[in-house]
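Here chain A shows up in two complexes: once beside chain B, once beside chain C.
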Partner chain A sequence: MGSLFLRSGRGLVTAMAVFWLVFLVAPIVVTLASSFTSSTYLTFPPPGWSVRWYLSAFESEWVWSTFWNSVVIAVVSTAIAVALGIAAARVLARHRFYGRGAFEYAVLSPLIIPGVVVGFALLNVSVLIETQDAGLLNLIIGHTMVTTPFTLRSVWSSMAGSDISLEEAAQSLGATRWSAFWLIVFPLIVPGIVAGAIIAFTFSFNDVTISAFLSAREARTLPVELMSHIEYLPDPTPAAVSSLMIVITLAFFLLVERTVGLGVFADR
Partner chain B sequence: MSDVEVSGVSKRYDELWAVKRVSFTAPAGSFTSLLGPSGCGKTTTLRLIAGFAALDEGEVRIGGRPVDDLPPWRRNLGVVFQNYALFPFMTVFDNVAFGLRRRKVPRGETAERVAEVIDLVGLPDLAQRYPRQLSGGQQQRVALARALVIRPEVLLLDEPLSNLDAKLRAEMRFELKRIQRETGVTSIFVTHDQEEALTLSDQIVVMNLGTVAGAAAPKAIWEQPESAYVADFLGIENLFPGTVGAAAGPDEPVAVSVDDGAAVLRAAADRAPGSAVVLGIRSGDIAMRRSEGAGAAEEPNFLDGAVREFTYVGSAVVYQVDCPDLPAPLIVTAQQDFAIGDRVRLRLPPESIKLLRPEAPPDRSGDRP
Partner chain C sequence: MSVGRAWGRGSRFPASLATPVLLAFAVFIVAPCVMLLVKGLEPAAETGAWPDFTNVLGVFDSKVGQQALNRTIRISLIVTVICMLAGYPVALFIARCGPRWRGLLLAVVIFPFLISAVVRAFGWTVLLGDSGLANKGLIALGLIDRPIALVQNEIGIIVGETHLLMPYMILSLLAVLQRIDPNLRHAAESLGASPVSVFWRIVIPLTLPGLLTGTLLVFSLAMTAFATPFLLGGGRTPILTTLLYDYAFTLFDWRLAASIGIVLLVLGILFVTVHRFVSSRGMRSYG
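Right, the complex of A and B next:
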């Protein structure tokens, strides 16, 4: 029985590993390889090798401007999402009130509503209140909306480990409500905050669906700009930019692993 | 040291009064237990004193000063929680020093006072350890040290011994008693364990469904519980509702007829004829012997019965005896050996029979407490 279970378990692991290699790693390898092509159009395998498309990427104005847009949007929306996530998690973890369930579902709803719907809805609203030209603002609002569920969930689950009695103990010892939170609760939820922030940042930085609706002429994100380039121009610059994004993401996760550990992503 | 006066305190959660017109006074330097089953409002009462919840009616005074408008951090109370609530990412030293740091006590004095209180609670040198590296008993002592180091006016303890195993619990009971005596801090202790309450307290406040069912010193509450509820909670095994009949004469025992049974028992107590009471007698106060004759017992306070079941508890055997004259089996503790089915004759001494006040359970709903 046991060995049969073990054997089928091993088979499953092997199948998963194969799946992961074929569908996740292979495309990355293809992208990386074709970004070093010497040809003027995207092809795989490349006929020859060169770094000309990387130079082209670094020299392209559109890459830099949209890259900075993406960074600003990701940083600002993540910061707001973390703040909102902490506040909402605290309310949900500590209070029982009428409409609590409705509040929970409202905040978490972007998780199940398709990005296209969210993007389209936000676009309509921005047209209605005539802010459709304030692209950066719209993007930040949209990204905050869809990333707050991630920060809420991870902060909330880390709060479950901090018993209310810890705060009460701190208060009985002379800490005000506010300092009890900062001295006792906050250190306990830092892993949840870090995990939520990383997920939110990554989501915001990589998002296409919602950004495509909300990007105005002056405020486009890198992934949206990349997509339109790939659509209309055959040159391999986007492949080089994609490869850079892959490398940056990997470096980012390596940094997280070395500092706080990837365990922050595990739900405890 | 300060006394704690709880007067007419009520607290409502949703539709029910968790605590309803609760009043008692914990004299300065005394040890008071709030005793009752879960859901009786004892922990809510403690939380109202601590300031973790706001009361709806009534008043709490500490050292004569009303504290209801003060937040917990201004009340200067030490609280020990059931789960100890030690700060997991702080060392033992930092846990204990937490209250002193909030009070801006200078570093040198902090170190001195922490060392002093760690010594008081009998902790070995563990100051640099983290809570998870300590045993349950050690965590308990750290929690006590952390609450005592701020020299609180009152020490509040919420079932602090319930997470310990039996042996450690007995040990910590002595320790708690010693620490309380050495510090002289007014202590209010919440427990559901009658033995803990009896051994530790100067005063026991028995609670039932959010109200105070009785309050007295352990000896008084053990010997003469006020009501049937208190008697039941303090382990008087045999309780039968009855009605008082006429007394044979002045200073003579009154005859009490058991409701739903033929038994009439005499009790050394003074009650008006016709009043409804609950007869209570401890299993150990009943004398049991094998019945020789076939005839029923005619003498007063003798009952005939048959052994239904028994359990061996080490120091004695506890029997369940079916008596035809009683509506429910009688619980009897005896040293002698009886077998199931043995016919026995029981004597219930009049001086051991307590006449208790029957009590309707308090109503927890309603708009007024």
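Right, the complex of A and C next:
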């Protein structure tokens, strides 16, 4: 009786877990599958298969122009976020000073402040100083600020285990502070930098919230443009574009998995 | 010296490293938020003095604002409860799996949450549409006899936000589940405890800190989600974030938009403070 109860309890947990795991992948699978539809409207399962919507996506001017915008914004903001993240992680891992807590709070604050608030607040400033048409610059600034906490945390945790005495030994043997950092600390934190950079890039490339507020007419990102196409155009081109974004994200996901492991997401 | 000193010689303020970082955050995060506060608390009348809270309070006086606030809280509560009830079995299941399966299932949990919210919302519009799989399934089960509206309303927002936020709950729970010492369970069982009482008296209490973390995380992120409710809720079911967007870009009432921003900002800070307080207490009482 007890074992029957146990087995049915376990079976119930398994059944519920499987249901919710399917729930988690369902919209992704459906998007991928429906992008290969042969019909002019979206249904799942598709009545027939074709790649016509991919051809349509590749021929669309808006896809290419906003894709390159997104890539430029993600690359530049990730590079700056990594630099800021290394500096901030170094400060937090190595120095004890009055106001250290406030420093940490300030640098992690974009995780606390809702994205719409960051986006709208930055838009306010850009309107005030009349740079609201410099969409690319505003987007880079916004994305840099919200992705720096990711690079900081990832670099910081890779610094946590390292030993200061190695660096001090190098310096006492004549290395400059810069070469001690470059030759001893940097190789140790490379995995943290790689993981942080990939997370920052993925976040920036996929972001809608900040971008929806800061996109100017000629500087829109792919997700923002995709959003307006989903709202108004019921043709399956957005399905093809969405699928391509899934594939790009998958590539980065596998890169993280192969290089530093999924632990970077789980240990949060 | 096997355990290195964590701190360097520098106990002074590391100006050359910290200044650029602080400057960036002061100019691009703190200053804009202060400006938002100033704008939202601007006096409504010429003669009024700053700060004037009538606009912020006015958000909740208007029918639209009141409804948006209620809807935001209602949806966030429902999403949090679903994530709790769904996340628990998933986390238990993954914790129980062997290392090979665990890696794969972890990937299934983590991958969706890297994908753009727009793409996921798009997937749900296909699934939940009139001719979508969800309606077909419900009809096949005989629960309904004609397609019902599952998107462009609160149901769509709830489904989308559940999908958006469940990974946070699962990961929070897994973090504590994996730290439970299997010997505890063996000891309890060898002393005659039934599996059910092991579950209720050992597993549940030991996972409470993770459940609490996950709950606060999911609730606060549900309150401030934007793209998902924007795309799945349609125009007639605004929540606070989408209402802010509407005020900013459709009605061009930036003072009201700023007022909603202030409300969201305060909520965000409130949740983090509660979270810190709870997690530091949780650490103390559960080791």
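Note that the second predicted complex is superposed on the first by the 233 of 268 C-alpha atoms of A that agree within 3 Å, B and C clash if a C-alpha of one lies under 4 Å from a C-alpha of the other, contacts with A are read in each partner's own complex, and residues count from 1 in each chain.
Keep in mind that, in the parts below, contacts are C-beta pairs under 8 Å (C-beta built on N, C-alpha and C of every residue); 3 or more make two chains touch, one makes a residue touch a chain.
Please read all numbers here as calculations on a predicted model, not as lab measurements.
Chain A is touched at more residues by one of its partners, and among chain B and chain C that partner is C.
Residue contacts after overlaying the shared chain place A:173 against chain B, while chain C stays out of touching range. Using the contact criterion defined above for the overlaid structures, shared-chain residue A:187 touches chain B, although it does not reach chain C.
In the superposed model, A:124 lies in contact with chain C only, and not with chain B.
In the superposed model, A:165 lies in contact with both chain B and chain C.
Contacts of A:52 after superposition on the shared chain: neither chain B nor chain C is touched. In the superposition on chain A, A:257 makes contact with chain C only, not with chain B. Shared interface residues of chain A, touching chain B in one complex and chain C in the other, are 163, 165-166, 168.
Those residues of chain A that touch chain B in the shared complex are 163, 165-166, 168-177, 179-180, 184, 187-188.
Listed in rising order, the residues of chain C touching chain A in the complex are 1, 4-14, 17-18, 20-22, 24-26, 28-33, 35-36, 39, 86-87, 89-90, 92-94, 103, 105-112, 114-127, 129, 131-133, 163, 166-167, 171, 174-175, 194-196, 199, 223-224, 226-227, 230-231, 241, 244-245, 248, 254, 257-258, 261, 264-265, 267-269, 272.
Listing the residues of chain A that touch chain C in their complex gives 2, 5-6, 9, 12-14, 16-18, 20-21, 23-28, 30-31, 34, 42-44, 84, 87-88, 90-91, 93-99, 103, 106-107, 109-110, 112-118, 120-125, 128, 141-142, 144-145, 148, 162-168, 202, 205-209, 212-213, 223, 226-227, 230-231, 238-239, 242, 245-246, 249-250, 252-253, 257, 262, 265-268.
Chain B makes touch with chain A in their complex at residues 50-52, 71-73, 75, 77-79, 81-83, 85-89, 98-99, 102-103, 146-147, 150, 156.
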